[in-house]
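Per-chain residue numbering starts at 1, and chain names A, B, C and D are given in the order in which the chains are listed.
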Amino acid sequence: MKRELPIAITFICAFILTLQYFIPHRSFEIMYEISNIWIQIIGVFAMILGIISLIMLHWEKIKHKKENWGFSIVTLASLVGMSLVGLIASENSPVFEWLYNFILAPISATMFALLAFFIASAAYRAFRARTVVATILLLAAVIVMLGRVPIGSLISFGIFPKMAEILVNYPNVAAKRAIFMGVGLGAAATALKVMLGIERSYMGSD
Amino acid sequence: MSTDPGIWLAAILTLCIFSFLYKDNPFYKFVEHLSVGVSAGYWLVIIIRQSLKQTFLDPLIQGQWQLVPGKLGIFLLIFPAFMGILLFTRFSNKWAYIARYPIAMLWGIGVGASIPLSLQNYIIRQLQATMVPITFNSWEDVGSLFIAIGVITGLVYFYFSKEHKGAFGGAAKVGIWILMIGFGSTFGFTVMARVSLLIGRVIFLMKDWLGIIS
Amino acid sequence: MLDGIKNLPIVFLLSIIIIFPIQAIAGEGQTKSKLPNLTIEKVMDTPNDHGRSITIIWKKPSFDSSFAIPTGYKILRADSLRSNFDSVEFVPIGKSKSFDIQNIEDGKTYYYRIGYANTEIISNIAGPVQAKGNWFHTGKTTTFVVTILFCALTLGILIFARRGGELYIRPISGINAIDDAIGRATEMGKPILFVPGLGAASDVATIAAFTILEHIAKITAEYKTRIIVPCYAPETMIVAQEVVRASYLDAGRPDLYNDKEIFFITQEQFPYTAAVNGIMLRDRPAANFFLGKFYAESLMLAETGFEAGAIQIAGTDEAIQIPFFVAACDYTLMGEELYAASAYLSKDPMKLATLKAEDWGKAGVIIFLIIGVVVASVFGSDFFIRLLDVNVM
Amino acid sequence: MGIFEKIIKLDRRIIFLVIFLSVIFPLIFKVNIPINITPEVRNVYNLIENLPEGSVIVVPCEYAPDTMAELEPMLYAVLRHCWEKNLRVVACGFYVTGVTLIEQEIKYMAKQMNKKYGKDYIFLGYRPYPAAVINSMGEDFRQSFPTDYYGTPLDSLPMMRGVKNFNDTKLVLTINATSGVDYWVLFGHERYGFPLAIGVTAVMAADYYHYLNSGQIVGIIGGLKGAAEYESLVHHKGLATMGMSIQSFVHLVIVLFIIIGNIAYFVIRKRKGINR
């Protein structure tokens, strides 16, 4: 029961859903929809466990006055505040939307924008012609970068844009396809391992 | 300069995050912790309001599940909730193994149709896109041949059953070169999108907040 | 009068004689007579669907562009040949010459005609037809065959491995780096950070990451090194906790296992990234593992980790993100290497056997690709290309 | 530690600062990097440039906020050109999510250019079924649009007097992020023969060049770069030119950093070689 039942559950669920992919009949479509809803409902309880974990983590920090414990108060307070607004009013209430639009959205957008800086620092550090492979990486990146902007076209009489186009349309496509094919086989094999109970790291060995 | 408190709040948060570029500091720490709390709260609300209420509680209270009518429907609705509750057995040492059942189910459903789907999208479709007649009537055919060779050598690179030696090693080497050209181009290609995001934030600060550019 | 093919010419002549003058009189603004006839080519149960739908295909009329073109077609339906045809659908004029009529009761018989909207011109009667659900999607036949082949191949190799067959797998670069990184963290007395990515717990990349986590946790249990696992999805947290707990148990050190080191942060991309950045800068792990599904945050994590001075090992099957990991990390498991590494590290013959099956698959793909290209180029036949047709609609 | 060692171990905050400055600098000082004009954009410009004053052109806009970053500057540049030439603009949209956005953009631009509604431009608003609407517009605009977006009958708008269908217009220029482009080519240009130009996102542009080669369209304005080209043709550098200038600066700075890093790397490697 400790090992066999979970493996059986996994197998049955995965097998039915695999079959479902080939069977358009309404009965299988309903099974697919049910499985989606099951995932959602189990997900609610997983989320509760997650939130408990988050609260515990910060509560411990506050209780033991660990380093930066003051910031843990910020997290807990904002968690409670946001949840209360959303649960008492609704997820469509103006306050909830305001909090989303003026706190979460700008923070996410700015974090995302930091990438403009990191992409520059990573390029500076990584693109050194140490080896043949590194040189190829460097050249391809530089050509495509220059080919994408007007100034690159200006300084090369239109050669960089053409080269960039060729690089993006051919070697880049070849590389992506090779990776996709490897990933496709690997993903199918991993899924099969999970179905057959070969991959069951969550169960340990007892 | 803006008089909207929302814009001011957003602008201050934006600056706090940019300060991280200099070094880790209390302003960044504050925003980091704030964003974690707000986003976790946001998702909690969305999940409770939508997954729990709309898909679970509402049909349960009505005693009628649209997808599967009748008593069977109600059973099929309560069953995953029961499985979800089993997750909490993890806190007991004796019964902890029971939590494996819902996890097994999550894995099974999650993995679901990935075998046919990954074979179809990653193998069959890619293979078909690569398999084009090459008659050297145009320059595009040279490109197609290049792609075919690139795919083959790339796959050789990912071949694990044989060491990269001799002609096989040579092919693998060509494969890694082509992979690197691909990576370099992806890198170079992405710069523009990332810079656009930065421009967006800077324009927000200078136009919407400070109003120094129009 | 209509019950014989013999009579058709007469009917045709009669209609010309009768309709033409009427048309001419009706004239003015009405351009009905200039509209081409409509013919239903086929009406059938919509193939490869769940039922409750009928597909109607007609011959696409070619319009005389000097006259007004109708805005659309109307589709008419009757339960029997004797009852009236009622308009049930409107299809705007466009490129289409077929239409799926939805929400039809399965198993009920219908007859159809189509006509131009706002005109009297209608087509022949087509039918009878019934809607029904299908038990096999013929458009996915290729996928089905490939799936069966792949599963059979894998099972065959698994049986071979179980009987003790030898399977050689070459060393994968970057794998030794994993153990080295853990060793270094232990020496420095610093923790290890393991980020299982933004995928769901059942994403194959995450599953591969769990297997590597299992390997890492066994070593950290042995060395008493602290391991931190911040999680993006609650399910990932639950599975990661199980994996680490089991590994510590395996290593004989269940006492060292700490549930609180494997925690949930938040399920929103950038707040999560912000928090992991914070961990890297404040807890100063000596080794960072980024394994699983990653998106735009890949570079942000890797750059911050580099700044914090950690050894970084990344692995993802997300093709777009590999370049950023390659640029900013010490070792990167690219695409399939992530899965391979997890099989390789486990040393489980069953897992190695599936890796072997992947290799067979690759060999098959290469051979098939070469044959397909040669046949298409030299013999001008697209047989192999068509063989790969998949139609999921 | 020599200068090259310092360069190799450059504090990344210096890179951050330079990147930041190269975003700010063009924005504040309005530095513009010259943009080479591609023939497909120049074609569109020339066509509009050579239209007689008072000609009517139809500008169907089909995009939503998600693609507005690329297409809004394009619409502004085109409208500026048309109104500078005193052309009359008939705008419409077949993409429901974008209608309010487009209405605001056109209004904004009209205000900038001091143009009057009903005299210099009208906005027809949204109708579903693009193919059918294009067909009926080929007969008479009033068939699908008896009134404009605001409910005013077309006949009571001064500029629509004497404008019946595509025969009375000189050009259709669709600014489009949807597959609606195909409808304009197949049901519009093919049937009614009007000259057609398109403005699309950078990603889409590649797919529509074949229409250019086959002569079904007179030109393509593609993405932010195309918009920037148009801006420089009408001598009014706006957001697109600004964006492209910033992009040019940042890309160039990154490339320069890479080059400097490599020079330092090779110098040090050579030095080490000699010492050995």
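The working rule: a residue touches a chain if its C-beta (ideal position, glycine included) is under 8 Å from a C-beta of that chain, and two chains touch if they have at least 3 such contacts.
Since the model is a prediction, treat every value here as computed from it, not as a measurement.
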Far-end chain from chain B, centres as C-alpha averages: D
By number of C-beta contact pairs, the top two chains: A-B
Whole-Å gap between the CA centroids of chain A and chain B: 3
Approximate Å spacing (C-alpha centroids) for the pair chain A, chain C: 16
Separation of chain A from chain D, taking each centre as the mean of its C-alpha atoms, in whole Å: 32
Chain D, residues touching no fewer than two other chains: 12, 16, 19, 23, 247, 250-251, 254
Sites on chain C at which at least two other chains make contact: 140, 143-144, 147, 150-151, 202, 204, 207, 235, 238-239, 242, 265-268, 270-271, 274, 282, 319, 322-324, 326-327, 334-336, 340, 355, 358, 361-362, 365
Sites on chain B at which at least two other chains make contact: 17, 20-21, 29, 31-33, 35-36, 38-40, 42-43, 87, 90, 100, 103, 106-107, 109-111, 114-116, 118-119, 123, 127, 130, 148, 151, 155, 158, 179, 183-184, 186-187, 190-192, 195, 198, 200
Residues of chain C defined as touching chain B within the complex: 140, 142-144, 146-147, 150-151, 167-170, 172, 200-204, 207, 235, 238-239, 241-242, 265-268, 270-272, 274-275, 277-278, 281-282, 319-320, 322-324, 326-327, 334-337, 340, 355-356, 358-359, 361-363, 365-366, 368-370, 372-373, 376-377, 380, 382, 384-385, 388-390, 392
Parts of chain A lying in touch with chain C, wherever the complex brings them together: 18, 21-29, 43, 46-47, 49-51, 53-54, 56-57, 60, 67-68, 104, 107-108, 111-112, 114-115, 118-119, 121-123, 125-127, 137, 175-176, 179-183, 185-194, 196, 198-199, 201-206
Residues on chain D engaged by chain C in the complex (per definition of touch): 12, 129, 131-132, 135-136, 139, 183, 186-187, 191
Residues of chain D defined as touching chain A within the complex: 10, 12, 15-16, 19-20, 23, 33-36, 225, 228, 244, 247-255, 257-258, 261-262, 265-266
Residue ranges of chain B touching chain C (in the complex, touch as defined): 17, 20, 24, 28-29, 31-33, 35-36, 38-40, 42-43, 87, 90, 99-100, 103, 106-107, 109-111, 114-116, 118-120, 123-125, 127-128, 130-135, 148, 151-152, 155-156, 158-164, 179, 183-184, 186-187, 190
